[in-house]
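The structure's right below; bear with me while I get my questions together.
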Amino acid sequence: MNFDFPLKNLPAVMSGPRVERRRVLVGGSAYWGTIIENGEKAGWLRLDDGRVVDPSLTPHLPPVSPSKIIAVHISYSSRSMETRNKPKPTDTPTYFTKPTTALNGHGGQILKPADCKYLNYEGEYAVVIGKTCRNVTPDEAWDYIEWFTPALDMGLQDFRDTDQGSMLRVKGADTLLPIGPGLVRGVNLFDQTLRTYVNGLVVQEAHIGDETIWGPHYVIADIARHITLLPGDVILMGTPCHSRSIDPGDVVECEITALGRLAGTVTAIDTPRAAPLGVGHPPTDSAEVRRVALGFDERVPERFKQNLQSARGIPNEKAGR
Amino acid sequence: MNFDFPLKNLPAVMSGPRVERRRVLVGGSAYWGTIIENGEKAGWLRLDDGRVVDPSLTPHLPPVSPSKIIAVHISYSSRSMETRNKPKPTDTPTYFTKPTTALNGHGGQILKPADCKYLNYEGEYAVVIGKTCRNVTPDEAWDYIEWFTPALDMGLQDFRDTDQGSMLRVKGADTLLPIGPGLVRGVNLFDQTLRTYVNGLVVQEAHIGDETIWGPHYVIADIARHITLLPGDVILMGTPCHSRSIDPGDVVECEITALGRLAGTVTAIDTPRAAPLGVGHPPTDSAEVRRVALGFDERVPERFKQNLQSARGIPNEKAGR
Amino acid sequence: MNFDFPLKNLPAVMSGPRVERRRVLVGGSAYWGTIIENGEKAGWLRLDDGRVVDPSLTPHLPPVSPSKIIAVHISYSSRSMETRNKPKPTDTPTYFTKPTTALNGHGGQILKPADCKYLNYEGEYAVVIGKTCRNVTPDEAWDYIEWFTPALDMGLQDFRDTDQGSMLRVKGADTLLPIGPGLVRGVNLFDQTLRTYVNGLVVQEAHIGDETIWGPHYVIADIARHITLLPGDVILMGTPCHSRSIDPGDVVECEITALGRLAGTVTAIDTPRAAPLGVGHPPTDSAEVRRVALGFDERVPERFKQNLQSARGIPNEKAGR
Amino acid sequence: MNFDFPLKNLPAVMSGPRVERRRVLVGGSAYWGTIIENGEKAGWLRLDDGRVVDPSLTPHLPPVSPSKIIAVHISYSSRSMETRNKPKPTDTPTYFTKPTTALNGHGGQILKPADCKYLNYEGEYAVVIGKTCRNVTPDEAWDYIEWFTPALDMGLQDFRDTDQGSMLRVKGADTLLPIGPGLVRGVNLFDQTLRTYVNGLVVQEAHIGDETIWGPHYVIADIARHITLLPGDVILMGTPCHSRSIDPGDVVECEITALGRLAGTVTAIDTPRAAPLGVGHPPTDSAEVRRVALGFDERVPERFKQNLQSARGIPNEKAGR
């Protein structure tokens, strides 16, 4: 990872006691609370008003209200290697955006329209901006990161062929950004391991410190050259190799050690009403769509491929399709 | 233009009387007001509290506070023809997004960093969403449009090579979306003409009804297949031919008859502090950058090219560069 | 009711077909949907993305996100009569505010701290502002009302003695404003009847058209003399007679015919941590507190008093306390 | 001042280098910037994008976007003494709220309607909340304060008789809360002196450490017993003695040493359109109105009274009216 790595000094967001904040619905109101770290009630959520609830029984809301969400295309070495058919190794990160209407909370339904075939998971971590940030250096950028959180950057790859690379329809549909379960600070991000699970089996895995090409401080300094980041803005930091398509009924999870484990369930939804009228670019099943949706299995660890087949009940001979 | 054109029934947003709302700064507060349409004070702005001010002497704020801004790549036939080197005529619109931090008001400074060369204008109209919109047909979509307004979808083409088509850096930098001067309803959009001016001379012109490939109702129905549009969201409807690069000191305006005339001034700004540290994709002057920044002059009306040269004080022989 | 009543022309918000919008949590995301009015699925909620859910099984969020909430002290004749010990009949309405953090949704928990004794219900209807409104007449004000909705203006009367009438602590605590279940338009508000229930028995009742002293158009015109109302702002329109105190475990509902039936459950919560340190005005049980919390039973219909006793399992001889 | 005073440890918001952030309009866009503390350009504003502007020539916006604004009625000993005719000395603070539409920036117009007579100034400091705060102790409350800023809590005392103490119309009208010029941290609030000026002459003065009855930490702990404070929420901390009424054309300023000097100009505005229709409580000139608007001169230092007369060009014999 470039720029100041290993870190000479642990930035504030990685220092000091772990704090995890969640936003949940109790009755008809959203409340913030803090996860109890120690003692008999460890793991329970203490709402700010003093009530203590079992988070596993409490509906979660997205713990962020950003003005914008910016995602790194590729910032893991395994993902970079997997998608190697790019003309040449990129030497700077590239980005796209997701609208805030894509936000989803822990335990959410991830919608797959009936006319779509390829809904890919991408387990990631996200950083949340703490104060207005513009025109900073990578070293300074650490001061503007307030929280880390797991995220799932889901993509409807059926729309890969349209929007000329902006991925508005691929990545921007409602529900395609589960995030949470909570916001965490006080842990060393680079010591953590990210794992994505489908129906309980590991299908992606990366040690963040080992695999990261660009750290969040670099990414923030890059974006903030021209764009003001506001408090609450979310940066999605990319996924490691083996993003694949899943189907209604599949449960997908992104776990980052010390940050938490975020779950969502793929849920079928009707074809949009405008589609049969011929409005808009239809879902397609082109070579390019399949290239990204199905991935490049040669360089992916065998156990991820086998886990995905087992998880989805696919006989082995169809492995890798 | 496809889908129900010419319109059988004028939608409410196009049905009279004309109303124009502006948001201005008086003293230290932002106020909404309505342009006086008739009588002695016609053209003045009546603030909602009763004060009447001369809008030409009053700083304007952007008249929108969207949760997201979505832009059509191409929806004018002249622009489609100019950029004809696309593989084949697109048969559905494609989109990208601009972050809300790019918003700028009438009379604003449009920032061009010292290390960039190509800042292109694109005169457009925008529509503003009036109520939560998802899963609608084109016919229904008209009910969700509350306002029309001129806009300038400025682009730093130096970053054309990066972001793999999302145009985050090309179109997303702070100040690159002047919008206003106000929000207008009660006029027939398809009877209007759009003109972009540089230093007072016309450099783009299109009759909206004649040139539009996809109307805003179609675009909204297309996006809302998968993405919820919220009240206040902004859709930029594309530009006609002859988007070109301008320099600090140039004044660019987008006038749409019956909607208003929006102005901005290109203003120099320092190279970002992270740039000399080697952070991020640098501005480039590649063939692809020049292709888009400089355009394709063969199909552009001669008077636009000559006006642009005159406006910028460029001797004729350098026309079209 | 003063000003233009009976209405000469039904305002748009009261005119044809009924529309009800709700905001619910499905999985981890909030969605808007519309209640199905007719046919086999009447009463179910169609989310904007096409899913149809049973609203009785779906957590509700507050259907409003106001910048401010303004409440009328008294605008029903029965309430005015009950609290007759005011020096003289008020001839203009008076107002207070509730912070937006007091908002609660249908089915919510209404929190009663352990050190408080008197949590009073007040069934009301609310109006939601549709567009920026300042300096209007009562006739014009109708155009700025977009929705009606039931509400419960709960009050911790233990703090009646403090805040010199602002009622910040009485009415402003978290959860003290259940609102919903949805937003409704297209019904004639003045033909409706409001009923408050405790544990299923009617404890307040008023025909809105018969009992209203000031209509919402008058109230909006009054407030907007000096204060800009923004889209989404909420005005609470006061309660009829027989606001009384209830306890943890009690279920309180406000039903307004044609608008819906809003429920909440009083829930115990610990005494705030700062209270035993001696911070702030403590809850008190003064004569003034009891006067408002317990009310004036002489002028209240007998059946409301008896219903409240039955609902709360109180023997008859303690009636009226 | 009660609770931990003098402070044993300086809280973070009072420690370390002074930082001042302002929000200004340049062209048509709002930008955040930081005041340059040292060197040749000391006192100028460096926008986050690198531009340096003269703040005295740049329109200011309110530097806050709160969800709510809560004000202490009285927290200065001199004000408490002046208004001594309250039944007995209050032993806990009391509060009211101002709607966010009352916000005004440095250099703003403070509107006085033609039918009103008494617009009183109250110079104050405000604190801005940095993170979600509920159920805290006074010691903990310091961690939730992010900024200090001068404020003017203006009041239209003509409406003193209405709203039963909520002061919605007295304190809540548009423009009645100038705040700024910027947000400051890194200074010891209790070492500062507050001064209010009318037309350049001092009319209120208090040393904050000497005069404060309740510190902001106490006030936050008090409110947060029942009400969640959100990031950006504003608490107005009360005014010292000698709040008096001023007229259109008068310039009022609140200076707090080390925080800044905030200015506004009283500006005449027409009587609201609904007023001649008989809508709402009219402005009155009752004994109670005059009691508060004109104040109690006996206990006010002579020089403040004389300065106010001089500032407003009132012959001495009319002193104190």
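When the chains are written out, they are named A, B, C and D in that same order, and each has its own residue count from 1.
By definition in this document, a residue touches a chain if its C-beta (ideal position, glycine included) is under 8 Å from a C-beta of that chain, and two chains touch if they have at least 3 such contacts.
Predicted model, so just to flag it, every value in this text is computed and none were measured.
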Subunit C and subunit B - chains in contact with each: A, D
Farthest-lying chain, centroid of Cα atoms versus that of subunit B: C
Pair with more cross-chain C-beta pairs in contact, given A-D and C-D: C-D
Computed distance of Cα centres, subunit C from subunit A, in Å: 40
Rounded Å distance, subunit C centre to subunit D centre (Cα mean): 32
Subunit A and subunit D: spacing of chain centres that average the CA atoms, whole Å: 44
In subunit D, residues with contacts to at least two other chains: 49-50, 134-135, 174, 228, 272-273
Sites on subunit C touched by subunit D in the complex: 3, 67-68, 70, 73, 92-97, 99-102, 113, 134-138, 156, 162-169, 172-174, 218, 221-230, 272-275, 277, 279-281
For the subunit D and subunit B complex, residues of the former touching the latter: 25-30, 49-51, 59-62, 103-109, 111, 174-175, 178, 180, 264-265, 267, 269-270, 272-273
Complex contacts: residues of subunit D adjacent to subunit A: 32, 48-50, 132-135, 228, 231
